[in-house]
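Here come two complexes built around subunit A, the first alongside subunit B, the second alongside subunit C.
And then the complex of A and B:
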């Protein structure tokens, strides 16, 4: 178990470091914050003081070393915009995104298992073809269009849901989650259906049927368990992709999450906040991948034996 | 192949839609391109079907320009970003992938690690950062989308060519003294190609969505150029008064991407020898044939 974790950690740390370096260097190329934060008629001397105060006059490699040193000490710098510690801002925005993403993923998994298994139980039936077509459509609808069409229908025309923001009632959750839900639910349904079709035609399912297990049990106990592995891989990729969706959906609905924070900090050249937010996202994705690998091991006895040795 | 396409009706429709889209994008701007910029405030912000004339069936925007004509012009922009981006990443990704998979060893390790790095981060966010650094032009969008999607082809091509590298016919070519580049191009490439094309069809959908999302966020195609994503974004301001401004461009995106997905699903079946029978059987027999166990099918 520990060997497995260690091995996984070392292979995934490299991408993590690369992302950190890449974002640092790219962020430095977006332009001079001094030009944005000081008034237009600021003198060269004032700009110079601003740069010195924020360590922007040092060579890039020295800024990088300072930054990496800070990361090791869990000091992520302060926001140029608000003067708050960047890590605090990122951590404050994080739960909002996590709530959205978790709810969406849970709903997507439930929906896809139900529809996918039902469709796979009778391949090529009308229900199956309908489910396939619907899931393909759901997987390829642009989320920003869904979001504003949703706003148009439910908020502008019917007036039953709020257009944006977060309030105490659950109503403000409906549109963002519904928007985010389409893509993962559609993709996962296709994967579950495909995996279930091949699982249901496997010899062990015929055995289970021939010994008289009722069809509900065959589907839930025998076939689903084996169809879960491919679905899990895709679910992991989709969860990473949810960050893409979150950037769009959060900026449309004014949701105070990490996606909005990242877009805002790019537009305002707030390097420290951007780096903290990106690093937090990258770490989350890294943890997610490790968790998925562990789930694999729990599901599949063949992987489990290899992992535990 | 055409008969196999004809058997799958949704795929036939999808192929026709995509063909029509390409024709419209190529010839449309020549025919009604001028109308897209013809302003006429006397017929500003009219709803669909309110003004006579086929140009105005989808309504007009706040400057009285025909939404239909703008859609046609935007189709060209959208395709001129999506097609090159898909082609570049297809060529680069599959060449590196086949090379890495054929040679194995350090070449494979390096290529896969780099792919992991690119894939481990949400591509849209990467594109946002990159486009903010290097001003958002159509060329930069193509480059950044191509770069972030290379790993997809790389992985597929590597997996397939690693498997092929141990096959007998590759061994035979090697014993005859063929150069590795020749083996890859003459023996590995033709077998991997169908799979890669299937992936590319699906990627076309992804790239189009990415371009429109970027344009929507304001860092993609810049006005005065138009793309579908940008039209949705511009129409958003008038959502309360003129819903058609952002509804129809979005619908165009949906139709195009759904067609690409449906066609990709068909191509996946048609290029897989183990599954192709599903398409050649008439539908009535198909239903009975599907639950057949795997061994008997083979």
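And then the complex of A and C:
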């Protein structure tokens, strides 16, 4: 297991560094923060003072070395916008996004397994039609529209949910999660359905049936276990997207997560915060990928054997 | 008896439930990065929802809308304030002021005032506040907006008297000083503060970054206690959501709304002193030809933009400042919509060798005002229809500011900017100096004669000042023609039935909580 983790960490290091370099360099190509943070008629001397104070007067390669040195010392810089340590801002926002992502993914997996399996087991049934409808609408309905429509129906017209924000009740979770859930649940349901259709027509299922195994056992013990791998792959990708920041949902519902923080830092040319937020999400996605690989190993003995080599 | 299958299924369900519980119930349903305290409606709290979180509450950046709307006259106060309705200056932390020398003003300060941290307010604090904002080197935004490059000499004569001296006589210095918020002498003079202390009716109780800002009544406030002991600010980017918060009883006041946000009767409109205009760079062909710039003016159907895009919540503009600002010229008529005239002017210029087919960039900023994208598209179509070659570039704030203010980027080619200018001060000098002087921060060209006319207007007072700036606005189109004015805008405020508040032209930049009272 340790060997597997070491290998995974080694192979993930390169993409991680590439992401950091990319974000660092691209951010600096978007313009000079001095133009944004100083008055319209600031003198060149004032701009130079600002750049010097924030290390922006140095050559880019030197800024990069300073940044990487800081990362090693766990110093991620200071926000130009608020003056707070960038890492503190990223760490403060990230758990709110994780809460949303985790809850959404668990619900998406449960819904997709139930509806997708039943749809495969009973073709042309109500569940099958529901699965098709969910996947089509998930692919075509934008989050933005869904969120605003949800606010209008459930908050304004029916008055049963808050429009947005975070409060002490569970109700404020409903609209953000429902909005986020729509796409992953639809996509995953279709994947589970497809995988289950293949699995249920496989020779080992026919064999199990011919041996007299009951239907539920055939579905859950045999077919579902073998259909789980492709679903896990897609679920992993969807989870990565959610962890990366549900920007639209966070913005509309005033959810204090990292997606909103990242967008704000880009718009405000707040380089340190952007880099800290990207680094944090990149590391989390690495961990998430390791967890997904471990799940593969649990599901598939062939993968487990390779991992242990 | 449970089968093996059933037990596995149960286990799976249990695991799923446990994970959901982990993120929901174990954390007591609270959202990380917030205290998840519910915002309750009631007579003690006024709940305000803004389009964005203030990036800072630094008082010397209070001329920025997102900061000023929270800070000004709520947390901190200036020496004098301008009545947005009458335009007159009213005493605040200064009770009297007079021009004791041609270049010096003397202010008599209010006695018995303390900051919310208990520090007494005196001339030393006032002098420090002006000095750090105007003469400081850490980039106070108000410095550029109000004083330009002017350095002030500020002296605390005694505890209650302050003198301010300018390099040249400045007849509107008290008005300029109405933009300087007063902070204690202990406030840093070398860097900005995020959470200021002031003398205003409120003080900062808690700022949950990203979630909510709570102000509490300042018990040591020198004036009448505000009607609401607590004020809570939240922020939502979407106007529709802000409007829905009013309808749903989650907020009492919502700012920055548009007609299509669907607020109905809960929406209150008010003139917000913002003017939209297309500004031309006069340094590249074909925009360096005044016939082409006049053609642009004839090509834009301002009436249709106001009626169709702004739903009538605006007024067709003939100049850079609206009625109510000193210098506004009531006799000016908007440019007529005459595409034929525009085509003939362009043909005339083309016949004289002006390259009218050169691509012109039409640049603006996303989120500048509701329907900005549609306005840009309408303007582009209008200019294309009369024979110009126009491409649209929508940029974010940081991307657009380089084209908006000096120093402009080099080799840009000809470009037009759709800008929105707000005159918060009520005097044309705050618009003309930056937009019409040939070296103005947001001007791209001019002439020596027109500069001299503007500078002479700035030295006038009272009626002479009004007339001199009115003449500037009357002369600009024919002598320079840098702008195609579109509309004087109207703000829309959402107001719940719980709160009584009358917005005015300053509301967008300075929303005084003390003027809000429980309805009924």
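We take it that the second predicted complex is superposed on the first by the 299 of 309 C-alpha atoms of A that agree within 3 Å, B and C clash if a C-alpha of one lies under 4 Å from a C-alpha of the other, contacts with A are read in each partner's own complex, and residues count from 1 in each chain.
As a convention for this text, a residue touches a chain if its C-beta (ideal position, glycine included) is under 8 Å from a C-beta of that chain, and two chains touch if they have at least 3 such contacts.
Predicted, not measured: the structure shown is a model, and the values here were computed from it.
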*Looking at the combined model built on subunit A, do subunit B and subunit C fit side by side or clash?*
clash
_Quick check for you: in the superposed arrangement, does A:152 touch first (subunit B), second (subunit C), both or neither?_
both
*Pick one for A:133: touches subunit B only (first), subunit C only (second), both, or neither.*
first
_Which partner chains sit in contact with A:206 here, subunit B, subunit C, both or neither? Use first/second/both/neither._
first
*For A:85, is the partner it touches subunit B (first), subunit C (second), both, or none of the two (neither)?*
neither
*Between subunit B and subunit C, which makes contact with more of the residues in subunit A?*
C
*Could you look at A:221 and tell me whether it touches subunit B, subunit C, both or neither (first, second, both, neither)?*
second
*Examine A:251 and indicate which partner it touches, taking first as subunit B and second as subunit C; both and neither are also allowed.*
both
*Looking at the overlay, does A:260 come into contact with subunit B only (first), subunit C only (second), both, or neither?*
second
*Mind working out whether A:194 is in touch with subunit B, subunit C, both or neither, as first, second, both or neither?*
neither
*asked:* Quick check on my understanding: which residues of subunit A belong to both its subunit B contact set and its subunit C contact set?
replied: 30, 148, 151-152, 156, 251, 267
*subunit C contact footprint on subunit A (complex, rising order)*: 30-33, 35-44, 46, 49-50, 81-84, 89, 92-96, 98-99, 102-103, 106-107, 109-110, 148, 151-152, 155-156, 159, 162-170, 172-173, 214, 216-217, 220-221, 251-257, 260-261, 267-269
_Footprint of subunit A on subunit C - complex, ascending_ = 3-6, 8-9, 13, 16, 19-20, 22-24, 27, 29-34, 36-39, 55-56, 137, 139-145, 148-149, 191-192, 194, 208-211, 234-238, 240-241, 244-245, 247-248, 250, 396-399, 401-402, 404-407, 434, 441-442
_subunit B-facing residues of subunit A, complex_ = 11-12, 14-16, 18-19, 23, 26-27, 29-30, 123-125, 132-133, 136-137, 139-145, 148-149, 151-152, 156, 197-198, 200-203, 206, 240-241, 243-244, 247-248, 251, 262-263, 266-267, 274, 278, 281-282, 285-286
*asked:* Help me check something: in the complex, which residues belonging to subunit B touch subunit A?
replied: 10, 113, 116-117, 120-125, 128-130, 132-133, 205, 209, 212-213, 216-217, 229, 232-233, 236, 239-240, 243, 246-247, 250, 253-254, 257-258, 260-262, 265, 283, 286-287, 290-294
